[in-house]
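Note that the chains are named A, B, C and D in the order they appear, and that numbering of residues resets to 1 at the start of each chain.
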Amino acid sequence: MAWTREDMAMRAAKELKDGFYVNLGIGIPTMVANYIPEGVNLILQSENGMLGTGPFPYEGEADPDVINAGKQTVTELPETSYCSSADSFGMIRGGHINMAILGAMQVAANGDLANWMVPGKMVKGPGGAMDLVAGVRRVVVVMEHCEKTGASKLVTECSLPLTGANVVDMVITELGVFDLARGTHAPALLELAPGVTVEEITAKTQFAFTVALT
Amino acid sequence: MPLIRRAVWRRDGEANVVDKARARAEEALDGLLFDGMSIMAGGFGICGVPEHLIAVIRDSGVRNLTVISNNCGVDGAALGLLLETGQVAKAISSYVGENKLFAEQYLTGKIEIEFNPQGTLAERIRAGGAGIPAFYTRTGVGTPLAKGKEERTFNGERFIMETGLVSDLSLVKAWKGDHEGNLVYRKTARNFNPMMATAGKATVAELEHLVETGTLGPDNIHTPGIFVDRVVESHAYPKRIEKLYTRPRPETAGAA
Amino acid sequence: MPLIRRAVWRRDGEANVVDKARARAEEALDGLLFDGMSIMAGGFGICGVPEHLIAVIRDSGVRNLTVISNNCGVDGAALGLLLETGQVAKAISSYVGENKLFAEQYLTGKIEIEFNPQGTLAERIRAGGAGIPAFYTRTGVGTPLAKGKEERTFNGERFIMETGLVSDLSLVKAWKGDHEGNLVYRKTARNFNPMMATAGKATVAELEHLVETGTLGPDNIHTPGIFVDRVVESHAYPKRIEKLYTRPRPETAGAA
Amino acid sequence: MAWTREDMAMRAAKELKDGFYVNLGIGIPTMVANYIPEGVNLILQSENGMLGTGPFPYEGEADPDVINAGKQTVTELPETSYCSSADSFGMIRGGHINMAILGAMQVAANGDLANWMVPGKMVKGPGGAMDLVAGVRRVVVVMEHCEKTGASKLVTECSLPLTGANVVDMVITELGVFDLARGTHAPALLELAPGVTVEEITAKTQFAFTVALT
């Protein structure tokens, strides 16, 4: 009854506005591109130096020199331009990207985000995530509500090393949507997935929140 | 400003083009001008200057401007236009050597000038556009332009701190631009234009040629459209030369 | 390194070309390698990596290297080659997710990693090449990567100070280059290469195509020759793909 | 008997080495390009964004978009590339230019240089001069030995506002050549123009110097 991965991507896509420049992370965020609403015209940025990222190539047409930040082969569009990593992160750090949609391991009530390492276990490095959460004007997280262990990923305080402090505007999980407002007010529950109750989402959410269903 | 862009992912490369292009320079600046604003304008001398956009600013009568530009043009051209009308309150520039009116207004206290070394000015603008609030440079250490600036030693060498610069409006001049706002500059007319395009809260580009999106070559674009809000093609470009230097053609037109 | 350049002024444009090109990758690195040196290598994943030059470094046996690169390649390719041989003592990188050996050597303490956010790494390298010893960024504020770094407030917002990076040797991969060392990159293979070219005490470029000087187009050059000491054309480029993603061609090949 | 302007340019040209990237200032420094020695291959940079600056155009062929930092029309060469002002000064500040040859109003014994303003009289602004003297590896000044008033321009201490502190490596005037070594040692007189005596140059030089004629 909770949202599927496709549903989550579709819900995130509703956050996109006409004229946006958008950076999409790996996983569900990448799928958001498949659900851009009609009438919303936007341009996708890949932080490895591509502005105007197109869809995956047709079979047999992949160009090894045209990849996105997830290292997946993609394609060029008429408006595409390439730039160096320094120029690309100038766009990001300088606040020129309207929205980033990305995954997370933990999100805290105050808008803190953790997604780059699990001490002693997983070392991948921050990649471009720290730059994105620090520089992009609006940051939307799309992730599973709980870990496989059942522990909530929406926490009072992140136990994992931070990617950014007070950076998350919104969290979308399979159970619902929270407005975090970068910690400027307490988390607010905006939406519930079909069949999910406030009781259920409260039980699976570590942080306290207000209910502001619309 | 309305931001109108293209759909890029779903439509298999066949995007529904919407347009940053405006028909006239006045339209391109519509709603963007106000008293007391800061304006960056590209150009080196009278090379690579968004002259038609500057003329619109003159005609608008907007006042008390802070202009950020390497030069302030020359008498009667480029930003010189705004000096004649007394619209400029302050200039951040590196050089005013070819502008008598500028020097005169400065010496009589009618205009404030903040002199920046040329490379520092360029870097401050780049920093502003790239979200860097401050950086250190060895340029100007021990000179009057270091006055009031923090000095700091790295690896035994002295540096001063300079801050990033942004503008309320950046005006740039490009050779070619497309409907998404991707820009290409021509030769030394590039100069300050690329950084200024990134540092404006709004950025408007004056083009010699408006071209179809997709024709500029994605590896050759100097300013990606993300930095540009509106473009306008300006006709009538009998470009002027500030200092014409030539040499006689050799009698025997040999290998050259 | 011998620096051999062209006469440009006296000869009416008919320059006596001398050449930064070397015939083989080994020659291009001759005399430039030593134990304990720092090496920057361009590339994002296995895209835009100077792979033939890296193979020369592996074969040279030079040790105790500090490598500066966004990734350390993948197992068995790119900088992964130097991990296998244990030549790398330290890496400054943003991401090692696709390299098991790297992660393993890190977790067992065989290799030191300094993690940088990707944009901070890119900017540190640009700063190093541009003579900027330090700058401030909001990236990483409040995270473990801010530890030990100076924090400072500008306009009420928190920033941390990051320093410029230079290398003893920068290896870059370009699509085309000429005999003066002017370089053009292709599509997303550009990535870290342009900044690294500016930040090497010596810079060597691996080219897919060595072209005649004067054919690249002066407005389209990504890395001017001033930053490049030697170039070498490397043949045999069956480029690999790290993550091949495709979609089926539509049944009816319509407007796309 | 002293050197002409052409002689001074010719003398400065002897400082150029094969493989150099060189920035030439306005006036006599520009003329240096006419005297590059045989066998010395170099590339001229104009700080407004041109690397590989060629000679003045033939009559009727000037391109308004191809100017040097003195705003003079120049020409392109096969190796020419253009860049932004930020990238151009990255070359300069980053130490990639081997030599700058420029004019000055005053040069002091410790290598200080003044050439951008006379308080209350002349305001032109620093232009690129401060960046050049701070960033270029070797700085050679070519200037008249004295002002029109007769006052020496080679001074104990600059009375004019500085362009750079401890930045001058060598000074060439119509009377001779001094090694300043950026103030790391006392000024040393290296050469005299034909017919000029040590007495004459001493009389016209405010700072003290050692004589190291070669």
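By our rule, contacts are C-beta pairs under 8 Å (C-beta built on N, C-alpha and C of every residue); 3 or more make two chains touch, one makes a residue touch a chain.
All values derive from a computational prediction rather than experimental measurement.
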C-D versus B-D: which has more C-beta pairs touching?
-> B-D
By CA centroid distance, what chain is farthest from chain A?
-> D
If you average the CA atoms of chain A and of chain C, how many Å lie between those two points?
-> 29
Inter-chain centre distance, chain C versus chain D - centres from mean C-alpha coordinates, in Å = 35
Whole-angstrom distance, CA centroid of chain B to CA centroid of chain C, is 30
Of all residues in chain A, the ones touching two or more other chains = 55, 76, 82-83, 89-90, 92-93, 135
Quick one: which residues in chain B touch 2 or more of the other chains?
-> 12-13, 123, 126, 130-132, 137-138, 185-187, 190, 218-219, 222
All chain pairs that touch each other | A-B, A-C, B-C, B-D, C-D
Chain A partner, complex, touching residues on chain C are 44-45, 47-48, 70, 93-98, 103, 106-107, 113, 115-123, 125-126, 137-145, 185-195, 222, 239-249
Residues of chain B that touch chain A when the two form their complex | 2-10, 12-13, 15-16, 18, 126, 128-132, 178, 180, 182, 198, 213-214, 216, 218-219, 221, 224-227
Show which residues of chain C lie in contact with chain B when the two form their complex.
-> 12-14, 123, 127, 130-138, 154-155, 157, 159, 163, 184-187, 190, 217-220, 222, 250, 255-256
Touching chain B in the complex, chain A uses residues 18-21, 33-34, 36, 40-45, 51-55, 75-83, 87, 89-97, 135
Complex interface listing, chain D residues touching chain B = 46-50, 55-68, 70-74, 76, 82-86, 88-90, 92-93, 112, 120, 123-131, 134-135, 161-166
